[in-house]
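The following block contains the structure, expressed as structure tokens.
Each chain carries a letter (A, B, C and D) given by its place in the written order, and its residues are counted from 1.
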Amino acid sequence: MIAVGVIGITGRMGKILVDSIESNDELTLSGGISSQNIGKDLEKIVKCSDVIVDFSHHTAVLAAAKVAANHAVPLISGTTGLSANDFLQLRQCSQRIPLLYAANFSIGIQLIAAFIRRCAGVLKNFDFSILDKHHRHKKDAPSGTALFLAQQYEEIAKKSPQIVSLRCGNNFGEHVCDFCGEDETITVTHSVLNKRVFAVGALRCARWIVGKDPGFYGICDAIDFQ
Amino acid sequence: MIAVGVIGITGRMGKILVDSIESNDELTLSGGISSQNIGKDLEKIVKCSDVIVDFSHHTAVLAAAKVAANHAVPLISGTTGLSANDFLQLRQCSQRIPLLYAANFSIGIQLIAAFIRRCAGVLKNFDFSILDKHHRHKKDAPSGTALFLAQQYEEIAKKSPQIVSLRCGNNFGEHVCDFCGEDETITVTHSVLNKRVFAVGALRCARWIVGKDPGFYGICDAIDFQ
Amino acid sequence: MIAVGVIGITGRMGKILVDSIESNDELTLSGGISSQNIGKDLEKIVKCSDVIVDFSHHTAVLAAAKVAANHAVPLISGTTGLSANDFLQLRQCSQRIPLLYAANFSIGIQLIAAFIRRCAGVLKNFDFSILDKHHRHKKDAPSGTALFLAQQYEEIAKKSPQIVSLRCGNNFGEHVCDFCGEDETITVTHSVLNKRVFAVGALRCARWIVGKDPGFYGICDAIDFQ
Amino acid sequence: MIAVGVIGITGRMGKILVDSIESNDELTLSGGISSQNIGKDLEKIVKCSDVIVDFSHHTAVLAAAKVAANHAVPLISGTTGLSANDFLQLRQCSQRIPLLYAANFSIGIQLIAAFIRRCAGVLKNFDFSILDKHHRHKKDAPSGTALFLAQQYEEIAKKSPQIVSLRCGNNFGEHVCDFCGEDETITVTHSVLNKRVFAVGALRCARWIVGKDPGFYGICDAIDFQ
């Protein structure tokens, strides 16, 4: 049994993580803490966990990463809205512990990321755009996932895509990526039917990371796509 | 035979209008002028036309409307990017001639406009958004059609929709209108396969307007949807 | 408080109805019965209900309608897969009680139904098609809703649409209706995000039907769209 | 200058091929023949061509392939609706000449084919479906491209996808491929804006194949996707 500590346990994703841990025979919940109470019991929770899973806030994840590094406990984080400096600090922690970060833990998004890189290399005179649609309460725009997909394109195409965002109703999360040329278009759409998909992906990474060497990992290290 | 004068004859729509007039047994081309040369032969063309059809530029349409009013020749205009003041001047001309304006001459868009009004009245706690996609050379954003559809919503819902625009590849023109609620969404999409659709609509209005009383008309006056 | 009896209580919709009744201050659950056990306690449940709501099976709904008619209790039914003869029997029951039937209780589908009728009248040389997508466990194809939408088109256009069905993954229910012409297309898509939408609609009808005269009603009688 | 002979020159694709050859500085039209007149001047056209491009009919392509093999002229074919036996005969001809066959000459479809293979290997418990939409005059259903995409899935997943077809209006050709799981879906859509895309791809292959060794080639041999 792997003991999982959850940072951001009162958030949307935190609640789903708890349910998913409960229903998984290999995992047990060692404790949880909200972003607000991060100062209180953080050390206690880290100490009794085999791995920390974080879906919280940029201040909370940095605090958690430092305590985790001090106690040699691996960390999985899916917190979005991080600055370049936040990532720098996470990378410093990853010199002491295995640390895996992803803006989006669904397998579908990882497959699409690879497809975008492929298309960006071949469809050189096509225009590329990303539309991200999320529920009306989501504050950041573009989404962390849209930025991640844009980065895949930029690294190959050496130019930036158009990105637009809509915040409507109860949309669980949809990304529409469009390569549009003179005579043909390719559109690839990812739709989330249930946010559980992110918890399933993060916990799959959590099981993988226990026992690994220190380092800064991505989801493709943990999940073999071949 | 109805003699049609075309303002903006060298533009994309102008060329399609010429083809459509040529292939229509009831219409003949009495002359045409580009937006740039509007000063030159405007009066001559207006004089020998039964109706003027304009897809040009906001400065050109105002010049054309005034000359048309002086010679009692009806005018159809589909020029977008007009200011409130431009419309005021068009309305003044329409006291002397029948003048029909539409941001979009496709029947599909008019049907969707009515549907948006209906939904706006019923789906009061839904969020409404409009995405407009056009080819990479289109300069104005949002499109005139997107603004027209937004206006339909605003008049009923008394609030504004979210509007986003993408300018990509060779897209002929696509508008995606989305009512998104807690438990269901309605999405209505209009796609242009051939810009001829706008010429067909405008010329249908041109045939209708000849002989009408002075006034400011819309496409729904000319085309009976019942 | 209105006492609601549920036929088909162990099905997907039955469970959602129970939740929705529980969380509604004006409604109380007077009892429920599965399609399989319809013979057992049907009379008892009908007797102590102000209204019966049925999402069950064609044999169960007919049994329930007859008992409801005998006890003058109104009935709401959303059971699909009914034959012409089944409807005949329901209509006979509706001579004694108010009975409301709908293949789909979402407001969105009713708005789309009206839009299809409108378009069918105007876009006479367009082709019309319906795609219905549902989860892999749904047995009937096309869906009851697809057939209902097809009927709207047929009544106006006097011809049949193309209908295709896909049964995939965990799709909550999606209908894509497409008017496709020479130069433009109109596509209207309805997506269910949560099956609760059907329970909300059915219970809204249930509150409306109590006290009404006998007759065969539709959702448009119960919900005012103006 | 490469001399191109066109089989099926009076068909939709034939006309576009002629335009594309005319506007290409490296290519010249050495002659053309319709599917109906295949018996007449076939040998004459083959003799004066450096390469034959065929978008015709299954009987015509076999006749053309045999004559091309006799005169050692390479052949490109995009004719769909071929039987297993037809392919066998084409493969026999390809022992004597370089012969390249593709159901679809767009680069977009080839990229999507590779993506489907990738997803089929990873998303093992997802359902896969293909929707093909084409204009109302297209006779074969599913389209050759839909069958080609289905084959990519079958080779990896070892099971068949659901395929449905719609034939509506003036649709230039659209394929919607959908991986639908419990909690997420990936949908990839290919839309043709202009059939010229197929001519461009076929002529790119035609320029490549001149001078190659005999063999049965695919589009991926001719166009380097790296």
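Quick note on the criterion: contacts are C-beta pairs under 8 Å (C-beta built on N, C-alpha and C of every residue); 3 or more make two chains touch, one makes a residue touch a chain.
Owing to the predicted nature of the structure, the values given are computational and were not obtained by experimental measurement.
Identify the chains adjacent to both subunit B and subunit C in the sense defined at the top.
A, D
Going by the average position of its CA atoms, which chain sits the greatest distance from subunit B?
A
Quick check: how many Å separate the C-alpha centres of subunit A and subunit B?
45
With chain centres defined as C-alpha means, what is the inter-centre distance between subunit A and subunit C in Å?
40
Where in subunit B do residues touch two or more of the other chains?
Where subunit B meets two or more other chains at a single residue, that happens at 169-171, 181-183, 185, 193-194.
Can you list the residues on subunit A that touch subunit D in the complex?
106-108, 111-112, 114-115, 118-119, 121-123, 179, 181-194, 196-197, 200, 225-226
Of all residues in subunit A, which touch subunit B in the complex?
126-129, 131, 136, 162, 164-171, 178, 180-183, 185
Using the touch rule from the top, collect the residues of subunit A that touch subunit C in their complex.
169-172, 193-194
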